[in-house]
Amino acid sequence: MSKTTTGKTNAGNSFEDFTVGRVIEHATPRTITEGDRALYRALYPTRFALPSSAEFAHSVGLEQHPVEELIGFHIAFGKTVPDVSLNAVANLGYAECRFHQPVVPGDTLRTKSEVIGLKQNSNGKTGVVYVRSTATNQRGEVAIDWCRWVMVNKRDEDAPAPEPFVPDLKPALAATDLKIPAGPDFTAYDEVAAGEKHRFGDYEVGEKIDHVDGVTLTDPEHMLATRLWQNTAKVHFNTQARPDGNRLIYGGHVISMARALSFNGPANAQLIAAINAGAHVAPAYADRTIYARSEVLDKAETDAPGVGALRLRLVATRGRDESMTLRGEDGKYADGVLLDLDYWVLIPI
Amino acid sequence: MSKTTTGKTNAGNSFEDFTVGRVIEHATPRTITEGDRALYRALYPTRFALPSSAEFAHSVGLEQHPVEELIGFHIAFGKTVPDVSLNAVANLGYAECRFHQPVVPGDTLRTKSEVIGLKQNSNGKTGVVYVRSTATNQRGEVAIDWCRWVMVNKRDEDAPAPEPFVPDLKPALAATDLKIPAGPDFTAYDEVAAGEKHRFGDYEVGEKIDHVDGVTLTDPEHMLATRLWQNTAKVHFNTQARPDGNRLIYGGHVISMARALSFNGPANAQLIAAINAGAHVAPAYADRTIYARSEVLDKAETDAPGVGALRLRLVATRGRDESMTLRGEDGKYADGVLLDLDYWVLIPI
Amino acid sequence: MSKTTTGKTNAGNSFEDFTVGRVIEHATPRTITEGDRALYRALYPTRFALPSSAEFAHSVGLEQHPVEELIGFHIAFGKTVPDVSLNAVANLGYAECRFHQPVVPGDTLRTKSEVIGLKQNSNGKTGVVYVRSTATNQRGEVAIDWCRWVMVNKRDEDAPAPEPFVPDLKPALAATDLKIPAGPDFTAYDEVAAGEKHRFGDYEVGEKIDHVDGVTLTDPEHMLATRLWQNTAKVHFNTQARPDGNRLIYGGHVISMARALSFNGPANAQLIAAINAGAHVAPAYADRTIYARSEVLDKAETDAPGVGALRLRLVATRGRDESMTLRGEDGKYADGVLLDLDYWVLIPI
């Protein structure tokens, strides 16, 4: 009689499998190619000149042609899913995400994560796991690193709670924390090619910009994207995985859609330097129409020639809210808000 | 209190923003890659041997491997949308489109347009804008140029009408007007690899060919295509943009679908040399099944070795019409006709 | 009056067009690119380290970075459709499929088929055609070869039956029949990068593995895939081609989906060496959720350093069957079984 094995599939880690200081090397290094750039263009309405044009990249001092920063982020992040969040109940937050150098076709990324915090919830059924993940390239150099924390199920409710430890994460990176990659020189910046005349000096802290356009989501598109990042969380692909029969859209799909829509606004925000914080406020599903808006939170000059940094809040909403309300009087996110992302971009001075 | 800006998004040009002689440099240069070729294959049932096989391209004298001509056209055209047709009511026509040289992966295209004609409509609310657009590559050489005219809304109905000027555009390019790119030599043409034994001499003016096969359209596919060309017209992506809640399919998607279907027919029509005229006769939406047929309008030899030119009418229809009726007795397009495209292709003699 | 031609489209071959020994050179050589790899990743949840990472490929002795074996197979197979199976009633089986060398970006594949058997059915309306197809690269070297047999309609029921000839095909290739490509050396295999600690010695003949995860199919995705392989069978694309209005999903889409899902199991099965047999047991349509499981049928060492071979049965089902029943007591395939594929993979010892 044939033998059936269950130990040869990945069951993911439960809360009690994590210990502070544990380092997990995630599987499947992944080479980035021009095919990724093309698919990203097909999936998101991006028109930023730097990732669009090798010529433009050369004109701002970059010898090789970077892909969009979020391609690197989604790939690096996707690798952590089978080990960190396969049994996650919720993705609670991000912090201290820095883009150390542009990712270019030919780069191979691998990711490892260190557990930097643990806190069992009072219900005894779940706990919060904090990890710092680092994506390195084929030269062993850091490309991207970030922290996130997720709520994970316990396998055994009777397992003892670990010593709680909550890491001290910055609510936002300061401009001086940014890793400005070697290379960018915006002194000869071609704003006609970029499609935008507004520069660093034209933006004021507190200013809000409605990006006007909307995109109605479909299931095949978000699945193509999420698979491209080798993110295997079943709720994105399998209508039998959730009681309501809907495929939950990967939060990164909403981030990329909102970032691309923001071209109709700060189109000179050519490079993402950091993500300070991010909240997936509400789930997204097919047939909803996504809009985006930005708010200028901070600004700073950098050491790179002609390069300034803007700290922006990127908000994605289901339906367009021209009042651009983020929270109601009760302090809760307004109805329709899907994403609240706080990030730094580089822009010509 | 925070400030809300509306001046940092693109509102597009209205009729009164155009003046004859005005030149607009369109944003976002775009590098073509092998990823574009792969996506085009995934989106359209194309099997023409030259763009399919680098070996075949070399065998007909082309050192580098061109992508389909329509990839270059859609990309070059897409750049004009935010400046020329964001406020367009209708895309009225094309003329004098020539493919000056094959576009190959690594080429970066940018597009500029000159306003060559203006005519306000008698209703005082709209006007027709004629532009000649030119796409150049990273060497500053012309890759593609074409004229089109669109009906554009006025911002202010009381604005004075400009002096009307209608440019003198050729109803069709003559064979001697074609820019046959340096390189093609069809004297050692491999018709087995190409999948077609019929050559230049086998086609008669007046002959009609039904391409038999049909493809049922879907929303995710046309959005992937249209985004790939960085065409941002919102009616293609946003179900809230039109009263009927349908996404209007980019006319170029229908052109590419019909051209690909025409492989089951003149499969040796390897290169598009020119588009003489084109009418998007009726809108296309998801769930409709597209068929195509061709009619030979003219033929001519060229100076390139072994290379002949056929002028074809490519008609796309919703549903198959084996009678191949283009117009009814009233002179109007027959029901179901979506596209009437008049173009020149290069074919082995 | 204009002339309408019907002789310039491909009507496909009918049963009486095939004669034993006839060789058909199939049209449209096709160059493989990094775009194909990216699209494959977007279409299937594959995470096998070797096709994912150029670095990993180098680490196991491969100078160039192969694409998934099924990319080569689907492309090579697609070329045979217009000549072999355009008028097919059913795709009856595969045998003796061997992957002679990895396919890498830049390779151009062309396919030819030799008719190796014919047998008219007793109803006089159809017959079975056996072909051996061979895909060669730009150096004229064999990349993949395989046999398949299809049931094809007769054009004329009164045409005489050919002398029946049924070729002697192996029910399965022996391990000694495999073409192990030059190169693979698994002696320094990185199982952390691969995401799997189980190796050749950990698998027992008779062992069954449930791959757990499911993917719900959509129409746009299987059409993108099937077009990418230049497979033009109209039932996959045209809702008017079948009485039920459904698009039939290309059987190869189910093979690729199941192979990708099997990563959650024998993730070290890095290279497909052969396909012994395959049955598309039931048709697949959009909105069905596909699951997969594997059974170890045989195992053998090879001459390549550190490289073992596993013979696996890969079963795809509609819905998950944890009992992993292949056939009922009546010997017929269990309800829900879509695919029964018998193949050899290479795995580190």
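A, B and C are the chain letters, set down in written order, and residue numbers restart from 1 in every chain.
Note that in this section a contact is a pair of C-beta atoms (placed from the backbone, for glycine too) under 8 Å apart; a residue touches a chain by one contact, two chains touch by 3 or more.
Here the structure is a predicted model, which means the values were calculated and not measured.
In this entry, chain A maps onto chain B through a rotation of 120 degrees when their C-alpha atoms are superposed, rounded to the nearest 5. For the self-contact between chain B and chain C, the two sides draw on mostly distinct residue numbers; the shared fraction is below half. Chain B and chain C, compared by their mean Cα positions, are separated by 36 Å.
Each of the following residues of chain A touches two or more other chains: 33-36, 38-39, 218-220.
For chain A in complex with chain C, the residues that touch the partner chain are 1-6, 8-10, 25-31, 33-36, 38-39, 82, 105-106, 108, 110, 138, 218-220, 223-225, 227-228, 230, 232, 234, 237-241, 247. Remark: chain A residues 33-39, 41-45, 47-49, 52-56, 65, 192-196, 198, 202, 204, 206-216, 218-221, 264-267, 287, 289, 295, 319-320, 324 touch chain B in the complex.
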